[in-house]
């Protein structure tokens, strides 16, 4: 049993600093560095931006410090970019019975079902920043069922997940469930619209291998 | 064996006219009539249309004879309607390497995966009308794998279905498969955009129980 | 914004007549015509029909105007044809607590789960004709949960679907559910027998690429 | 470490005789005895058998020592019993390019996918008896992929499983795969027919909670 | 109808002795004999056993008549064998609110979900021997929902299955369900630990093609 | 279009600092704070630690600054804790052809399939720290298929995922795939052992609602 005795000198868990031993030092880890330098896997030359879209990009640069890659992806065709931006901004930023944080929570929970790297990264950051609670962002991305939520929020997210995994099984009873916890029919539309949108956006991002701006990883930590 | 002898007087298959016998006459069929009189299950009063949207509805009425219910559903909020219409029209009607019929085929195949009554009805009609081939519409809605298609069309639809059922598993090899049969990167974007869109639209329609205009059922038969 | 202005001249939805524009005219649609001229993908020479089976085929021709392809598929072996026809006719046409329409509804709902082109086409037609309601046939094939049904019919179809997708999870509680809405044990047998049968027939049809008689597409529209 | 030392006196695996210790003696095991005394969960009084069916039951009793419960289940209606028996006997016993053992192997592999207690028990026994190899029966019921099979048998069973879990995805390439290992089109029909049949029979058995005759458990061990 | 008449001389079900006809005699069955002579598919030379492990193997040989193959599989590395044996023996044999039979029932039900040949064979035998009821072992392996169980046992097995197929959906309500039928928190740990363990063991066995000792097949029949 | 003009003043994406507007300020976000103060949902009083285990906990505290909650969870029973720690430390820290980083990558990829909050948090941190690449940790947790990996690493992770989602379908060809990219049979054992272990650990963690130490969230960012 000498072996076991020696083993009790070994600490079971994660190292406290990079490398943690010669066997797995970063330089020699053998795993390629994950630098997301391309916007996406499709080779689509940038189109000519309309003045409105150019101003929009400038505003992003000024306020965020970067232009989100999803906008750069759409920039090969100004009409598509404009339609996307208008649709997106109305959905996520216009007045609604749902707070911006709640809309972002739906975004992340749907993206977790679809395992979308772009959206989990960008909108996970948004949840962390809007809530000021890093663990909330992780929980939405990892398993929202493990999060502490109000009953109303939980019912909202369950509806979004049901829309994602078996939308054909949604019935009046599901809408009634939303109404019972206090959502209006207009709120239900907004929940459905956000959950629906990320079921689109996740798939377009995965289909084109869209990569998130690296800055998102550190936001709100 | 008298029973079996009598059975040989019975024809195995479908009746040739409604009712086919007292047991299941329409009037007494016991199944409620399927009249889709509501636009959707949410009670959202119509908003005020902008002149552009009013003109758009008038044009629909004039050229189609009706306003598609999906537009009526969005009409509770003119900004949302406008954003949706702009996004949709660019997607399905703007110039593309994909024909309008091919975009509608993607729409129906995706909607079949998601079992969306609204979209299967409206876009199944579009496939029948654009192609002039009623069976093609049925095949897209029932099982596209049973249809006769060119290799290129089949690869396109397989990609749309993979986006629908396991978008997280799409990789460069899938995009290469599209390129090998002749799609450009711009075409791939359009395939992804249409398949993505109906993954949104199917879910919003199911979440709100959106009902198709009855006229679609007979179109292109 | 000139582009968008021009777009507001475009009507969002389906064309009203075949072709709808040079881009997707049927002749040049590029999609092969869907003419189901083969009965199935297996090359099995027709066997010699017994007098009883010959009379049966004659009766089909006389009353329906055609012999259903499923019967032609089995005709390579008279014993198999006879066994199939006897089994099928007892199931779908013999006296039962379920109306013929209800049995056809089960057939279509099961076939929709299994995405069987042959059975959806042939039995979708039967639902349309028996009910006199084309939309009912579409709803059974697209998403039966979106149909207006009596509670009893809905419980019946839910049982048929559960049998189709997870028969190993059926328990006494499921049978009790059927009894509570008024089905007798004999009715339950019949529901199980019809749902079971189409789980066989769908699979044999798909495995052999059985093609429906084209005439079904237009029946009951 | 006294605890661990004492543990090394404990043998890790199964006991060699019933009970194996007071804690789990059969009499006090606390698990109800699994005596399958009912034929099924539906209360359907036995009908009057035709002379042919009575003779058939007598023959079963004489040659097998019992009447299989599936036949007793159908006996509430002589016409259904007759149709079932004729269909079944043609399928499993008539001349075919597939041996009876191969047909039983398909039966068990399909029944394992559907987790059907009745069919796994009755047809698992058949595989053991026909093959004289108890382990083969277990492997078909537990995981056919772990069995040693000829390439031809494996392709046959893979086709049966694909029919069971995603019949809508079967295409010409799958049939070609069967032809390449030596199956004729007639053999393919028989494979499809047997796999299809057990997809029916499994579901009817589960829907009615059909119980296997207890004698099957010990056959061919 | 001469054919059918002759068919009534054929008994529908399983043969009573091996071979049952020239067509499928064992010798000529064409199916390879299922002799599990290898321990697993990985070629790992046996390591040197510590005295404790050697004594353990000797004890197995003496009391069981064989060393279970899972132990032989681990024997390439004495430290791994020791860790596995200690973990396993504590789990399955240490005092617990669950009887040894109940722990084995969980083992088999989990292994059935994962279709693990090794574990179904070895632990199916344990259920048969501990309970003295061969049918119970079969039911756990085939479809535990078809077994007669106390309410408490059923809730326990349902929890084990939910852990197996969708562990991320387990919530406080599931634990409350266990408490309501009488399980303590310590019991819940033990249920979780056993169900978790076989989700590991099933996968290691399948990944390495571990083969059960042939003697298990006949135990407890 | 005045509305849209005003919308172009709105930036589409995530806020740059907590709160980002009165509507979703943390204090008033309405989402409960995610403070993981309990170790797990089962109420099991801490047992008496053996001197070896007490020393082990002290070592954790000294080197990591905390005792990982999984160890605290097992601490209700010293024998179980000891067996778990020995098993775990051999698996993840003993010499192996796989680096510690690679073993942690398997841990996270498996935990992502099972959506285990505890393991994704603790082992996601380990991947970030061992690799020195925060994005690598995110990619393993979100969608490993989107990561840049060597061919050998990808094949390893695909095997781990196949073990997780359909272990019964693993065959010699899968092991051959590992050998072809350079893994020895001993390496294959280690891959299988790590992937198997986290399929256990994920499930025990989810079944008991085990919560990660909060410190993990920030490690390696």
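Lettered A, B, C, D, E and F in written order, each chain numbered from 1.
Following the convention adopted for this analysis, a residue touches a chain if its C-beta (ideal position, glycine included) is under 8 Å from a C-beta of that chain, and two chains touch if they have at least 3 such contacts.
Source: prediction; values computed, not measured.
Asker: Provide the labels of all chains in contact with chain C and in contact with chain F.
Answerer: A, B, D, E
Asker: Look at the interfaces C-D and A-E and say which one is made up of more C-beta pairs in contact.
Answerer: Comparing C-D with A-E, the pair joined by more C-beta contacts is C-D.
Asker: Counting contact pairs by residue number and requiring over half to coincide, which of C-D, A-C or B-F is equivalent to E-F?
Answerer: Over half of the E-F contact pairs recur in C-D.
Asker: Can you give the whole-Å distance between the Cα centres of chain A and chain F?
Answerer: Their C-alpha centroids are separated by 19 Å.
Asker: With chain centres taken as the means of their Cα atoms, state the distance from chain B to chain D in Å.
Answerer: Chain B and chain D have C-alpha centres separated by 42 Å.
Asker: Would you kindly tell me how far, in whole Å, the mean C-alpha position of chain D lies from that of chain A?
Answerer: The computed centroid separation for chain A versus chain D comes out at 48 Å.
Asker: Compute the distance, rounded to whole Å, between the mean C-alpha positions of chain A and chain B.
Answerer: It comes to 29 Å between the two C-alpha centres.
Asker: Multi-chain contacts only, two chains or more: what residues does chain D have there?
Answerer: 1, 4, 79, 82, 86, 90, 115-116, 143, 168, 171, 206, 209
Asker: Could you run through all the chain pairs that touch each other?
Answerer: Contacting pairs: A-B, A-C, A-E, A-F, B-C, B-D, B-F, C-D, C-E, D-E, D-F, E-F.
Asker: What part of chain A is in contact with chain E in the complex they form?
Answerer: Its residues touching chain E are 1, 3-4, 143, 145.
Asker: Which positions of chain D touch chain B when the two form their complex?
Answerer: Per the stated touch rule, the residues are 79, 82, 168-169, 171.
Asker: In the complex, go through chain F and note every residue touching chain E.
Answerer: 41-44, 76, 79-80, 82-84, 86-87, 90, 94, 114-116, 159, 163-164, 167-168, 170-172, 174-175, 185-186, 188-189, 191-193, 195-197, 199-204, 206-209
Asker: Quick check: in the complex, which residue numbers of chain F touch chain A?
Answerer: So the residues of chain F in touch with chain A come to 4-5, 7-21, 23-24, 26, 29-36, 52, 55-56, 59-60, 63-65, 68, 71, 85-86, 88-90, 92-93, 99-102, 105, 112, 115-117, 120-123, 125-126, 129-136, 138-139, 141-143, 146-150, 153, 206, 209, 214, 216-221.
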